[in-house]
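Each of the next two complexes has subunit A plus one other chain: subunit B in the first, subunit C in the second.
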Partner chain A sequence: MNTEEPKPIVVRNLVKKFGDQVVLDDLNFHVNKGEILVIMGGSGCGKSTLLRLLIGAMRPTSGSIEMLGTDLTRLNEEGLDDLRKKTGILFQSGALFNSMTVGENIALPLKEHTKLSADVINIMVKMKLEMVGLRDFEHLKPSEISGGMKKRVGLARAMALDPQIMFYDEPSAGLDPIASAMIDELMMDLNKKTGVTSIVVTHDMGSAFKIAHRMILLFKGRAVAVGTPAQIRASGDPLIRQFINGLADGPIPLRVSRKDYAEDLLEPFIERF
Partner chain B sequence: MQIRTEVLESGLLGRTVVITAEGEVDMHESPRLRKALADSIGYRPAAVVVDLAGVTFIDSSGVATLVEAMKLAKAAGLELVLSGMNDKVRDVFALARLDKFFRLAATRQEALGV
Partner chain C sequence: MENIAGELGAGFYSGLRYIGGMAWLFADALFFIFIAPFSKRKLRVRGEPVLEQMVRVGFSSLGIVCLVQLFIGVVIALQLANLLKTFGIKEYVGSVVGLGIFRELGPLMTGMVMAGYAGAAMSAELGTMAVSEEIEALRALAISPVRYLVAPRLIAAALMIPCVTIIGDFVGVLGGMGIAWSVLHITPSLFIKMMLETLVTSDVVVGIFKSWVFAVLITLIACFEGLRVDSGAEGVGRAATRSVVFSVVMIISADCLFAAVFRILLGR
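Let's look at the complex of A and B:
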């Protein structure tokens, strides 16, 4: 990790609204080169929206996202496509094509975005599979391998174009503890060996504290805590304590309805009279 | 990336083609390196030396291109030697666990046995 070099991602005053609802509220953060930044938060905190903004799948209401020196909020589709070639995404589901073999899935971005020969691509597929420990699985279909293996193949495909930035969307979702630990190890290994800057969106606290160089806790669209795992763990803030300890009691409310309960129950009567 | 190809008729290895690559060997450029390698192997020399001393960056497509050249060289019964790679470039080969796959020489002179 290098804090001196230009930062691959700088987010400034980011706001995203859906109608009147503010999902991300003036978010500011950066990611250092070669860093693993974990974005944590409960359901509905805005972390999935943030990820969609970071990969250019959605435009913000206001604010900027500087990625590899370019403000992606100002790019057209062509510019976004160029930027996407320098980034990789591991989707929650792995997002593999079931009709293709494991090898064909990994070869796909190389065939689509480069002029490399079929022979060189075949060698690269083996190299990428070796990287995730699945070299012998090249000719199998996704339906013939386990969920954890699918994620690893998804990771190999996401790394096919040697990205400078990797995004991971809930990497441990749907995995058993062993498969989940393997994905954690792979993420750390790839980060260490390739120096790829990594952003991980997760609500899995065990994984977050294991892999993060720094972490951000989102609550109601705001970054309520930013720091190293040790700093977050040592925090006395009740909201942070509630979240990292998984407690039902605390500042994060159980009920998320905006309307008053009594008002809600009485509303039809009020309207009627 | 700059590529230069020279044929040395009387090296210690015998008739040797030296390919000198300089700059960045990335997904965009590695097809050019591939062509230079295929052309060189096509001369049927005794050896091909790929001088990487001026290479500042190589990605997995560059490494895969050299793996393919190694396969072609072996099939043609000729020696392929990579020389002069800096630590950063060597790390990419190590990451792919391919640093032991190639015959490596510290310098072009060492590769040529002079």
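Let's look at the complex of A and C:
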């Protein structure tokens, strides 16, 4: 990777708190142009929160997120909209508009944000659908296609405006191994052909190691490991080893309660006496 | 005692936040309808969804509104028949039915039917969209949900509900006229003559104005409830129920307020 190029995303000292609970704790990382960065982590490590911050659906407690040259934490809704036109996101469920056909779903951003004629939009919809291999499904409703297809349509819709950055939220969640592998292939293919910078949030290790150029492991709101798949795999850190091998035994505790167990059990008695 | 005060305070606070949130939504929708199209970004509310909503709000509800209004007209005339006969002023049935329906019961009952018919559907639809990440997807595509979803519904309701009300009013009068003819033996021509003698333009205008306000109230409450759904099927059901109950309460409260205000302003 050429590090001289301006980086599309630079995250500095990012902190997000919900009340007293610290979800993201002083997070620093960057994404290089045209690379696939995979953000891994267990449930509740702050992955989803990070993604929501990156797409501007939520504001951080402190810190900055520089995206395509602007600090999105300082933008108003209008500025965020300008940025959103240059980014795409594939939601976990696909998040297709159920009242519209597959084709209408993909046409919507084109109708809203471009001055293209209906014929041109039609052609573009067909091209985007062909890209994800679903050209024959243009006139079906989302309820008539499978989960994997929904995600592929969601991908086509997210790519409709040819974004410079793509976000993927758990692309393999809820899919069978074949559909999941197809999504992986599509993500890599799109990245190679269009050079779109991709950020993938996932807990699926198999897919993570397959697609990543670089990866970040989040644990308790901190980036505990950053590196290429080979570096991560070669790491001796017990935490990383536990995570990538999917072991129940290791430094990541099974129990997530903050309170002492005995204290919790005895609480009513302590109060009474 | 402390607890009651605390709970009252919390209730009052959440009530204020609710009204504040709705006012904000209204302001946002008005911005997209009246100001944004002329700003440099030219963010227009698209015509297609407005038409679609107009059909849904106006056309499909017409039958049920007419049916309800017909019965209202029939009931007013029937209830008053004996009373008016006793006083020997049975020809006034036209006046009472006309005034009652055009000024008061027409807008009120249409509003109630619309709260159940259109309002519940809107909040359930938006609520389902919120649950299935569709609202978030709209935002991510740089399409404001207020511009794309709320504004068209507001325009459609504000245009169609007064129209439906007027059509319903005529059907209601027709019902009253039928009873007057069959029970009180008052000819339609006398009925209409008496009605026109009593009704003044302001009565009809006030009625239309009220139905327009009810339309805005119903849509705002329904959209606000729908957009704030955050948890599954239960949340959608709750939003639909709340939107109907709040709409009905708000419609009747507003109607009461209007009765007082217009009595002072117009003297009738």
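The working rule: the second predicted complex is superposed on the first by the 271 of 273 C-alpha atoms of A that agree within 3 Å, B and C clash if a C-alpha of one lies under 4 Å from a C-alpha of the other, contacts with A are read in each partner's own complex, and residues count from 1 in each chain.
Convention: contacts are C-beta pairs under 8 Å (C-beta built on N, C-alpha and C of every residue); 3 or more make two chains touch, one makes a residue touch a chain.
Please read all numbers here as calculations on a predicted model, not as lab measurements.
Undergrad: Specify the outcome, clash or fit, for subunit B and subunit C once both structures are aligned onto subunit A.
TA: With subunit A aligned, subunit B clears subunit C, so fit.
Undergrad: Looking only at subunit A, is it subunit B or subunit C that touches more of its residues?
TA: Ranking subunit B and subunit C by residues of subunit A touched puts C first.
Undergrad: Taking the superposition as given, does A:R84 touch the first partner, subunit B, the second, subunit C, both, or neither?
TA: Only subunit C is touched by A:R84; subunit B is not.
Undergrad: Once the shared chain is lined up, is A:K128 touching subunit B (first), subunit C (second), both, or neither of them?
TA: first
Undergrad: Answer with first, second, both or neither: which of subunit B and subunit C does A:L116 touch in the superposed model?
TA: first
Undergrad: So in the superposed three-chain picture, is A:I9 touching just subunit B, just subunit C, both, or none of them (first/second/both/neither)?
TA: Neither partner.
Undergrad: Counting only touches as set out at the top, which of subunit B and subunit C does A:A225 meet: first, second, both, neither?
TA: neither
Undergrad: In the superposed arrangement, which partner chain does A:A57 touch: subunit B (first), subunit C (second), both, or neither?
TA: Only subunit C is touched by A:A57; subunit B is not.
Undergrad: Give one of first, second, both or neither to describe whether A:N98 is in contact with subunit B, with subunit C, with both, or with none.
TA: second
Undergrad: First (subunit B), second (subunit C), both or neither: which does A:V153 touch?
TA: Once the two structures are laid over each other on A, A:V153 reaches no partner at all.
Undergrad: If you take every C-alpha pair with one atom in subunit B and one in subunit C, what is the shortest distance in Å after superposing?
TA: Minimum C-alpha separation, subunit B to subunit C: 12 Å.
Undergrad: Of all the subunit A residues, which ones make contact with subunit B and with subunit C?
TA: Touching subunit B and subunit C on subunit A: residues 113.
Undergrad: For subunit A, which residues are in contact with subunit B within the complex?
TA: Checking each residue of subunit A against subunit B gives 110, 113-117, 119-121, 123-124, 127-128, 130-131, 161-162, 193-194.
Undergrad: Give every residue of subunit C touching subunit A within the complex, in rising order.
TA: That would be residues 41, 46, 128-129, 132-134, 136-137, 139-144, 148 of subunit C.
Undergrad: Help me check something: in the complex, which residues belonging to subunit A touch subunit C?
TA: Residue list for subunit A touching subunit C: 55, 57, 77-78, 80-82, 84-85, 87-89, 91-93, 95-98, 108-109, 111-113, 157-158.
Undergrad: Would you pull the subunit B residues touching subunit A in the complex into a rising list?
TA: 27-28, 30-31, 34, 59-61, 63-65, 67-68, 95-98
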